[in-house]
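After this come two complexes, each holding chain A, first together with chain B and then together with chain C.
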Partner chain A sequence: MKPSVKTITLLLLVVVLALFPLLGNKFHTYLFIECFIYSVLAVSYYMLLGHTGLMSFGHAALFGVGAYASAITLIRFSDLPVALTVLVGGLSGLLCGFLIGLIVLRLTKIYLAFGTLALSQMIWAIAWKWRAVTGGDDGLTGWSARQVTFPWLGQFGLINITFLYYFVLFFALACVALCWYFTRTPFGETLSSIRSNQNRADFLGINVGRARLMVFAFSGFMAGMSGALFILFKKAVAPTFLDMSTSFNILVMSVIGGYTNFLGPIVGSFVYVYMMEYLSSFTERWQLVMGIFFVLLILFYPKGIVRMVQQFAKKGSFIKEKRGVRIKC
Partner chain B sequence: MLILKGVSKYFGHLGVIQKVDLEVIKGERHALIGPNGAGKSTLFNLITGYYRPSGGDIYFKNTRINSLAPHEITRLGIARSFQIINIFKDMTVYENMRITITAKHRMSLKFGCRIVSLGQIREESEFVLSRVGLLPFMDEPAGTLGYSQQRALEVGLAVALDPELLLLDEPGAGLSPDETRAIVGLVKEVTVGKTLVIVEHDMDVVFDLADRISVLNYGTIVASGTPDDIRRNETVKEIYLGNVLEKKSTARV
Partner chain C sequence: MMFRRGVIPERNERNQNVDNQLSIIPVLLLHGLVYGMLIFLVASGLTLVLGLMDILNFAHVSVYMVGAFTCYQVMQWTNSFWFALMVAPVACAFLGILIERFIIRRIHGSGHLNELLATFGLAMVITEVVNWIYGSNPLPVRAPSQLLGSLNLWSDVQYPLYRLFILVLSGMVLAFMFYILRKTRLGISIRASVQDRDMANALGTNVATVSMVVMGIGAWLAGIAGVIVAPYLSVYSGMYADMIMDCFAVIAVGGLGSLGGAFIASLLVGQVQSFGVIFIPRVSLILIYLLMVAVFALKPSGISGKNE
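The block that comes next holds the complex of A and B.
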């Protein structure tokens, strides 16, 4: 089989990412870790919004539950391999996604968005109030000295940024690859059909309710994984992880990159993290600048940066797509 | 095969369907006719589970299907097409068909393999597409097709499920006589040995295609029988066919 341009680009990208920390730039290594984690989170959100057309305003709940669950596991079971605590995060996200999906099973559109928002706020309140387990507004800490042992390779501390980079990169690549694979399976295509026309999917004999539950659980798993990775990176967990603003940040990332294609959320999370970092070093009011950028993007390129670049590559200009004209892709 | 017993549907106080009794016999082509607003589409929606009947019972193959969800009824073997085009417009024609064939094989929720690796699904999809004449448009987004092609896809999706009972809601709606004939020809071909209920306004089509006809008016069945019975029925002539038949006879003179 002849390797396509896409495969080569992908392999090159992986090689570049793998060699990146060897350049020795701690600052960018650090930022890239954050980008990877947010990429997983944004892609998990893409599975719901972009792929299945389910608008959730409570995605941070899944992220936060994964973060808390893995944090508690890290604290309570100090012998457990760290990679397993990441899986614990994923599985608790899966459970949480399943339960949320079950409750909002019949809701669509704005009702779904607000149903998920309400549920995520309830979970936030639990994290806030249940001091004995979650530490309340103090949050939880205490695993920054944790060592990760690898057979043959030796022991690494979570504090070691280069090690953490590879650790996170591995999980992020696995998660994103799994999501990509999912979109290509019969189940993935069924999800697209639900986005496209749920009514007709129903009349083709597709169990839309079960498909929705499954994608909620799957998305929860991915979000939980990213939450678990995030606490390894931040070395702490707090209720802000699962509040509303985190949910909206995920939405902003998705829209910046473009929520209608798979690559969009990944690009979006990179742009978001870097903008946040650089803007906040210039001004305290960085959110204002970010907001203006967001509004401009929505006005001129509502399908996000990835579509914008694709359009440019195709036509050689950044002229806005005419209304009513369909772009084949 | 399909039996409706005293089925009613009320929207508030408006009785759209009132105590309808109807039996569709296995292997027949049954046409449902009636003026606009008679309740034909509502009846389809009741049978396929989109609405629940306010009263009465619906049986399919001796199973009561009143309270089943649309996807459950579809899985029992009833597939329908829609009067207003209801396809996956932002997906390609091929994807439309592939989703349908996947659903037919109950593989919609499988994630153990990539969909392109399923040879049988591909073959069947291409086969049905070639039958409805859409193979050349396989990679076009369905929403960009011309109206008559979207119509063909609409009917094609229902046919692709290979149901025991096929319900077609005006498959020729909005088409030119030639295009209607093409679709009806297809319907005739694919429903050999199957059971069909069809709503259609074109009387030539109805009398040509149907083994039995039921006439619906203001939510009740006013007549049911062979095409000849219906032609002779005085009530039917009065409420519905009168004009058509008169026109025909004058045209012939």
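The block that comes next holds the complex of A and C.
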């Protein structure tokens, strides 16, 4: 079988990413770690929003629960391998996603957005108030000195940026690949059918409730993984991980890249992190610039950057084609 | 970040010269009532727009914040609270109409998500602009001198005059609104459009104009809430985050798009906030979300919402 252009590009990309820290640019290595983690998060959100059409406004809950669970494991069990704590984060995200999915099982559209928002705010409030376990407002910290031992490579500290880069890259690639595979399975196709018409899928004999539960759990797993990676990177966890603004940051990332295709959230998270970094070095009002950019994007290119570029490549112009007149008022 | 809660001025800490538990209860009831009315002033616009256009307008609560800051600004210039009470809501109504005309109408029909995101982005921009101009420190607004002090309600229970004023004013505004909705031609158009948008449009109601007017009225109400809240909780950029979840709770519990349900729900949420902070401070924050979740899990249409 001849390798296609896509495969070659993908392999090249992986090689470039693998060699990237060897360039020795600490700043960009650091930012790339953040981008990877956000990519996993945004892709996990894509599984809900873009792929299954479930408009969740409380995705931060899954992310934050993963972060808290792995933080607590890191603190309580100081001799557990770090990779396992990442898995603990993922599994607790899975559980949390399952429970949330169970509660919002029958909700759609705005109701779903509302229900997930309320649930995530509730989890945020619990993290805020339950001082004994979550440390309340102060959050948790205290694993920055952790060492990760590999049987044949030796020991690395979490403060070693290069090591952390590879650690995160490994997990991020694995997660994104798994998500990609997931969307390609027959079950993934089923989920797409739910997005395009839930009632129809129901009539065709698909168990919509079960499928929704499973995708919530799967997405929760991925989000939990990214949360666990994020605390290895940030070395602390706080209730802000769980709150509404984090949920919306995830949304912003997905929308910038475009939530209708798989690549969108990944591109979006890179653009988001870099924009945030550069804008905040130029101006203190970077959130304003970001907000205006976001609104303009929604108004003119709601499908995001990836679609915009694809369209440009196809037609050589950024101008949208005129569609038929919509009659609805 | 925009949704981080501000330094919340504790709503019920003032006026606690009452010592025994029994006499606290009527005061708390009043506190809850005042706060509930305030929430309803904001949430009514939100729920009407939701019923009418099926849009969860995140920018609506920003309009409330803009109202409060306009009040502050007008008082800086003219030093008259009453003038601010006249001017700021009108400014807010214009802002609401602009939002409807240039953002919501443009994007209406291109999917729930885009609508939500556009209004959300707008809320982000407005919050940032307010932060830019006024900073993030709370700004004090003085209540008019006629409304300072407190009133002796019965035996030894004192109640601040200003809160009673809030109660009376919001009551009047709401009565006026119910009059418009129930007794005027505009009200009939609004109710018809809420009930069945396409049908009302087909029967000759200009639904686009009605939507604009509803946004205007909603924004005007939110502006009034913003002005009267200014001397009560002071003006700060975290107001948005403090109000939005309460509003969401109200429209969720009341049923999306139902005004009567929202009224009952806001009184309920006001009481929950008022009693929760005193008696169960540890879980009071969770209580409101728990209420929302319970409603969504058990009866998504709320107290009296239209069914999906």
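Just so we're on the same page, the second predicted complex is superposed on the first by the 322 of 329 C-alpha atoms of A that agree within 3 Å, B and C clash if a C-alpha of one lies under 4 Å from a C-alpha of the other, contacts with A are read in each partner's own complex, and residues count from 1 in each chain.
Throughout what follows, a contact is a pair of C-beta atoms (placed from the backbone, for glycine too) under 8 Å apart; a residue touches a chain by one contact, two chains touch by 3 or more.
No experiment lies behind these values; they were computed from the predicted model shown.
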Practice problem: Please determine whether it is chain B or chain C that touches the greater number of chain A residues. | Solution: C
Quiz item: With the two structures laid over each other on chain A, which partner does A:Phe182 touch: chain B (first), chain C (second), both, or neither?
Solution: first
Quiz item: Does the superposition put A:Leu95 against chain B (first), chain C (second), both, or neither?
Solution: neither
Exercise. Once the structures are superposed on A, label A:Ala18 by its partner contacts, choosing first (chain B), second (chain C), both or neither.
Key: neither
Quiz item: Which of the two partners, first being chain B and second being chain C, lies in contact with A:Leu31: first, second, both, or neither?
Solution: neither
Quiz item: Of the two partner chains, chain B (first) and chain C (second), which one does A:Val309 touch, if any: first, second, both, or neither?
Solution: neither
Quiz item: Once the shared chain is lined up, is A:Met122 touching chain B (first), chain C (second), both, or neither of them?
Solution: second
Practice problem: Figure out whether A:Leu279 sits in contact with chain B (first) or chain C (second), or with both, or with neither. | Solution: neither
Practice problem: Would you check which partner chain A:Val208 touches, where first means chain B only, second means chain C only, and both and neither mean what they say? | Solution: first
Quiz item: Where on chain A do the contacts from chain B and from chain C line up?
Solution: 326, 328
Self-check item: Touching residues (chain side chain C, partner chain A) in the complex
Solution: 1-4, 50, 54, 56, 103, 106-107, 109-114, 116-118, 120-122, 124-125, 128-129, 132, 197-198, 201, 207-208, 241, 245, 248-249, 252, 256, 282-283, 285-286, 289-290, 292-293, 296-297, 300, 308
Self-check item: Footprint of chain B on chain A - complex, ascending
Solution: 181-182, 184-190, 192-193, 196-197, 199-208, 210-211, 214, 326, 328
Exercise. Spell out the residues on chain B that touch chain A in their complex, using ranges where they run on.
Key: 48, 50, 69-71, 74-75, 79-80, 82, 86-91, 95, 98-100, 102-104, 106-116, 118, 121, 141, 143-144, 157, 161
Self-check item: Touching residues on chain A, where the partner in the complex is chain C
Solution: 49, 55, 103-104, 106-111, 113-115, 117-119, 121-122, 125-126, 128-129, 240, 243-245, 248, 251, 255, 259, 285, 287-288, 290-292, 294-295, 298-299, 302, 326, 328-329
